[in-house]
Amino acid sequence: MSDIQARLREIARRLLTEGHVRVFIGFGPGFEANRPVPFFAADPDAADRLLLDEFCAAGLARYVLEEVREGPVGLVARGCDGLGLERLLADHRVAREQLYVVGVSCRGVVDPDRACAAAGEEVRAARVNGETVTLITPTAERSFPRSACLLDKCLRCQDPTPRIADVLLGEAIPPGERDLAHVDAVERMPSDERYRFWARQFERCLRCLACRQVCPACNCVSCSLDRPEWLERGTGLAEQFMFHFTRAYHVAGRCVACGECERACPAGIPLGLLNDKFMKDLRDLFGVAAPHRPGDVEPLGKFCPDDPEGWHEGGEGT
Amino acid sequence: MPRIGVVVCWCGHNIAGTVDVTQVTAAAAAMPGVVYAEDYKYVCSEPGQDLIRRAIADKRLDAVVVAACSPSMHEATFRQAAAAAGLNPYRVEIANVREQCSWVHRDREEATVKAVALVQAMVAKARREEPLEALRLPVTRRALVIGGGIAGMQAAMDIADAGYQVLLVEREPNLGGRMAQLSETFPTLDCASCILTPRTAEVARHPRIELLTYSEVREVAGYVGDFRVRIARKPAYVDWDRCIGCMLCQEKCPRKVPSPFERDMGFKKAIGVNFPQAVPNRPVIDREHCTYFEKGKCQVCVRVCPVEAVDFEQRETVREEAVGAIVVATGFDVLAPAEFGEYGYGRYPDVIDSLAFERLNSSSGPTGGVIRRPSDGRVPREVVFIQCVGSRDPDRGRGYCSKICCMYTAKHAMLYRHKVPDGQAYVFYMDVRAGGKGYEEFVQRTVEQAGALYLRGRVARVYPEGDRMLVRGVDTLSGQTVEVAADLVVLATAAVPRGDARELAQLLKVGTDAHGFYNEAHPKLRPVETMTRGIFLAGAVQAPRDISETVAQASGAASKVLALFSQEELVADPLVAVVDETRCAGCFLCRPVCPYQAISTRVAGNREVATVNPGLCQGCGACAVACRSGAMALKGFTDEQILAEVEALCLRTGSPG
Amino acid sequence: MRLTRSQLRSELLARVEEIGGEAVAHCYQCGNCSAGCPLAGEMNVLPHRVVRLLQLGQVESALSANAIWLCAACQACAARCPRGVDLSRIMEALRVVQLRRSTIEPPGLTPDTLARAPQQAIVSLYRKYGS
Amino acid sequence: MSSDWQPRIVGFACRWCTYAGADLAGTSRLEYPATVRLVRVPCSGRVNPSFVLRAFQRGADGVLVAGCHPGDCHYTSGNLFTRRRFSLVKRFLEYLGLEPERLRVEWISAAEGQRFAQVIREMTDDLCRLGPNRKMREEP
Amino acid sequence: MEYRYFPGCTLHEQARNFDITARESARELDIALVELDNWQCCGAVFPLATDALINLVSPYRALASAHAAGFDLVTLCSGCLNVLRRTNRLVATDREAREKLRDFVEMDYAGERRVYHLLEVLRREVTFETLRSRVKRRLTGLHVAPYYGCLLLRPPEEMEFDDVEAPTVMEDFLRALGAEPVDYPFRTECCGAYVALREAKTQAAAQVVRSAAAAGAELVVSSCPACNYNLERVHPTLPVVYFTQLLALALGRDGAFAGQVPDPTPLLRGKSLLPEVS
């Protein structure tokens, strides 16, 4: 990763010196070595503090929404960031010429908590190679299976390489189909058990709205759920169900499965399980790819004359 | 909090019979915002409406809820009554306590509880309403008539005579449509061209009718009062302004081509007109059959033309027109030959359809009016007419009756007798349908005087035997199978919609039935209107019909257009969508769901936001659901109002709404 | 003939319609079947009239018509019926009802025919007249 | 369930077809349980899925969303969007634990008074078996 | 191309020449016709009564055993084709009938197989162009009237053999062999089938043959033993043969015409179409 990181810095520096972009968004050092944070390089020197390693967890696309107001923005973009940018472009929230995208292929980001748990001690660095991940700790260098180290969203990633990039560092990895088996697991539960499962999840929701803040699809100027007739302020079970039902429905067909909402949720609510349920039904009923790559019209913005009526197969575990 | 008045109607016994109206009135009085609650025996009557008007004045009401019959019955009545008392008509709501409550439930207690809930919902909605003003839309007092047959011409004449501009678009190079192909017409046997050609001349000369022949409608946008229509003029390869109509080109043109106008029994030239009396009397070049276009040679027409009117470089031109109303009069077609293998239709030359028999009868037709067999030109001594070929045949997808065949076949049999006195006509029929004025008498004359033999039964097969056509049918009245060795077989084929009827219907956003005939707004009450306001129907485009009905319907459609043009402005329902620009993110998720393309872009400050054209919007509300941020609201059915209704409907009775 | 409700809704007619799987009411007596029937010449009651008799509830006279034994099940009528009525099924139903309630003496074939006719024809004959 | 308990059904009916069908049931004097209460909307395309959840949360035991048959929509495509939206929403609500019988989506034309009454009878029977809805709302 | 071959009882008895010429022609055109083991009579007519399911046991067993062997079925006699194909369609579409037959015959089958007529195999698999190139002796100058009869074509929505009113497959077949098909209107009219056995005076067959003769036919060809029997008896001099006999002849094999009345051999010898008897 280091040579890509060097080329990234060199590109950022050139863009900033030539004034091609007003700010370059990437990652910079965080409080801990294995938790880099989003970093906004506003001048050529700051470009040298950009870093790109196996711990860069946050999605960068959504930051573009505020930054473009003052001028063109450059950023580094992995597959999920690329899809997030496409979502903003498709929703006319950002114009393509305002962006300079440095694309990189990503084989997965390490979840520092998981890595430390697996290694049994603090993990300084990591290398993701194919099916295994090498964790470098102060005392040793051992390799573990991907499932033990990577973020959830990376384990199910189907878009390693961004489709839109002004320049691509490293070679592209073709996109795949998203695995939605985890949705079947919930579907198989009897309906009362399923209800208790979701009621327990939603009871933990603080309504901190972090999921809305990080989501490229939740890019509205003002959210309808902020209006009293739709949702009161309380956190009773009715309000929780209304919030999570409406959020999931509003991103149905538009969610790009970047996994940020689930990662950002402080209460650890499996929001991906909600988004993926809509994605699975869109795929099974209307043949929409999972996730739907943002194009001109979203799946719920059109119809086919012979669309099936998906409400017939009632009964347990559908 | 708006001051709301509730009036509960007894509807004589209809509501009061099952619903305890006094209890409903008492419950209404206790609802928040309700300052007046009353019940009355017949609220829709004059005194009933007076009661509303007085209540509005005395109690200074801001909204009125009437618990009575279905809104489709008297919503307009009560809204007009409120408007007369100075209250905005759109602040009147109806609680349907008759059709959906007292008439369908027996238990008095349950029905009353439901009636209270329905009133409660309407009161909740009324509390959240704001006054709405009806929309005023401009009217372009110019009509478009599509189709230059008898229907289109009649409609165009009526509208133009009333002083308005008319644009008449006809796909063929000449006016006349289907009727131009007919010889005589029933029941009076007066010749079709004698009544048609003067009319075509009149239309061509009319100062307020602009004739666009050899043209097609390609696109229709806009709405009633302001339609934007794109009309393409196909290349005729002859400059009609320079041409003087001498027809030398048609005379000298070496290329003979089977003429569809003559049902491929006669020939036309590669350049020319469909029939001698065509109006406008201007030729066109048939590109597929012109030697110049095929091999680049010939050009005889260019050499003989005295005014150099031939222009091979002519291209299709398209023009955009603004019109206020559209009359569709595109007529009908006859069944394609391929569908009846057992009659050898399209395979044996002496099995023809009735339209071809019309051409044989026509003095300007291929045989100059003498009935001759297409195979060898001999005058047929035995002619068999077969009815219901393709009609009344659900097994082959067309269960309807084509209505006019019984009459034109009787006419054919009579004309055949006039021209071939010793000839014998056989008519295989199932039921003779002659319901018009003087029609039945006409058919009886055919049987009695023309000596046509009517055989009740369908024909199973027609096949050649020697040089004649053997027809194997049945006479169900005598219970015998019947064989006739006919010289000529004439099939009364089904009237079917034009080939491109469905495409034009989609352009106009007018519905069609399963076969492709256009849907009228209401079969009995609004037969000449469509569900799309400002678009009207005339003639066989709506269903098979004869000339007299077509002309009557054309005048009917014209009167509807005149009614539209007579108003200063068009009053449109204000229940349309509106964008709250402070909330709109400009994501345009609303635009693809709008069936009327009513949503477009507007710049607000530094952002692009959505905006709704009130004229185009018909108020379906699909965009209000597609809009995630709640910026799109449908007046009269806003989210707040519907949510309030839902909440009110779910309340256990007794607790305050 | 006197028409009565009980006649029009007789149990026998209901059985004929049930075994045939066809509703006689669909037929609007256009006569196409009779016109195209190859064996109409020999029939004392034409096919469309057999259906008419059933429509009038005259099941007995329909059962006694020779048409039902002359029908070669060639499907010409079914293929061309504008109302989609399968007349060959109605004819079979009438044969089956007649065979199941009374003893019909089997068709006498001459020894020569029995010797030279193809098995397909002989089996068809006994299937139709003896099921 | 106590025998006299009656389920509460909130219906969203498109004014061109289903609402007119319900009126026809009235003019034909059909009888059906007084459990349904209709909200008149211009088109089934106006029914926001969140309305359905709100109805359940405010005490509805069953919700009916009904509009014109595909191809008959007065606005040509309203019900075709409804078909996609509620194909997803019906499965999603069941995914959250709602019993399938509680939400029904039907096409009922202005001429189908009989069918409207029949749908209401069927829903009422199903809901009587299921009992009141406790899910997705404050536990009473 | 391998198929399970269902000859039908007539092709083992009165119509042996139909069977022999079919097998030889198939071998010549390398179509593998492996006879289905333990088949019984198909019943000759498809039962039209709705409660006559028992008659379908034999065709169901034939289809099920072909399915068990993993091959589609080919048959020649139009009676067998009609019964097998209509049974196949009923089993595929009617769940109640399928389950009753499966439980009774105790063999699993749900309509997966297809039933072909040899002419359909020639048209689809072999194609008439290839057939034309494989012909050794072209039947030039032979005016043949193709006779379809009823059971191949009707009911059209179930048989889907060819256009019910204007079929062409036999004409194309004859042209591929070099013969000249004769167009006459009675090629799809019924020959009287089993009724003609009892009612000698029926005119059905006579009309067909008269029409063919009037149209200049020297020979009638058909694919149904019952039709051949009826057509042969009503015309003293117009011979009636099976289409496979002409096929075998054209492929240089023996047409198995021996013993036919009226005898087609003089006609064929006159046109030097018979193999020279050494």
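In order of appearance the chains are A, B, C, D and E, and numbering begins at 1 in each one.
Here is the rule we go by: contacts are C-beta pairs under 8 Å (C-beta built on N, C-alpha and C of every residue); 3 or more make two chains touch, one makes a residue touch a chain.
Quick caveat, the model's predicted, so the values are computed rather than measured.
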Which neighbours do subunit D and subunit E have in common? B
Please work out which of A-B and B-C is bridged by more C-beta pairs in contact, and write that pair. B-C
At the largest C-alpha centroid distance from subunit C we find chain A
Between subunit C and subunit E, what is the gap in Å from one C-alpha centre to the other? 27
Separation of mean Cα positions, subunit D and subunit B [Å, integer]: 34
Rounded Å distance between subunit C and subunit D, as computed from the means of their C-alpha atoms: 50
Distance between chain centroids, defined by C-alpha means - subunit A, subunit E (Å): 67
Which subunit B residues reach two or more other chains? 342, 461, 593, 626, 639, 643
Indicate the residues of subunit E shared as contacts by at least two other chains. 164
Multi-partner residues of subunit A (at least 2 other chains): 230, 300
Which chains touch, pair by pair? A-B, A-D, B-C, B-D, B-E, C-E
Within their complex, subunit E touches subunit C through residues 8-10, 13-15, 41, 43-45, 47-52, 55, 77, 79, 149-150, 153-156, 164, 189-195, 197-199, 201-204, 207, 224-226, 228-230
If you look only at subunit D, which of its residues touch subunit B in the complex? 6, 8, 10, 20, 22-23, 25-27, 29-34, 37-43, 45-49, 51, 54-55, 58-60, 74-78, 81, 85, 117
Interface residues, subunit B side, partner subunit E - complex: 341-342, 347, 461, 463-465, 470
In their complex, what parts of subunit C are in touch with subunit E? 18-21, 38-39, 41-42, 69-76, 78-79, 86, 88-89, 91-93, 96, 107-109, 113, 116-125, 127-128, 131
Enumerate the contact residues on subunit B facing subunit A in the complex. 582-589, 592-593, 608, 626, 628-631, 639-640, 643-644
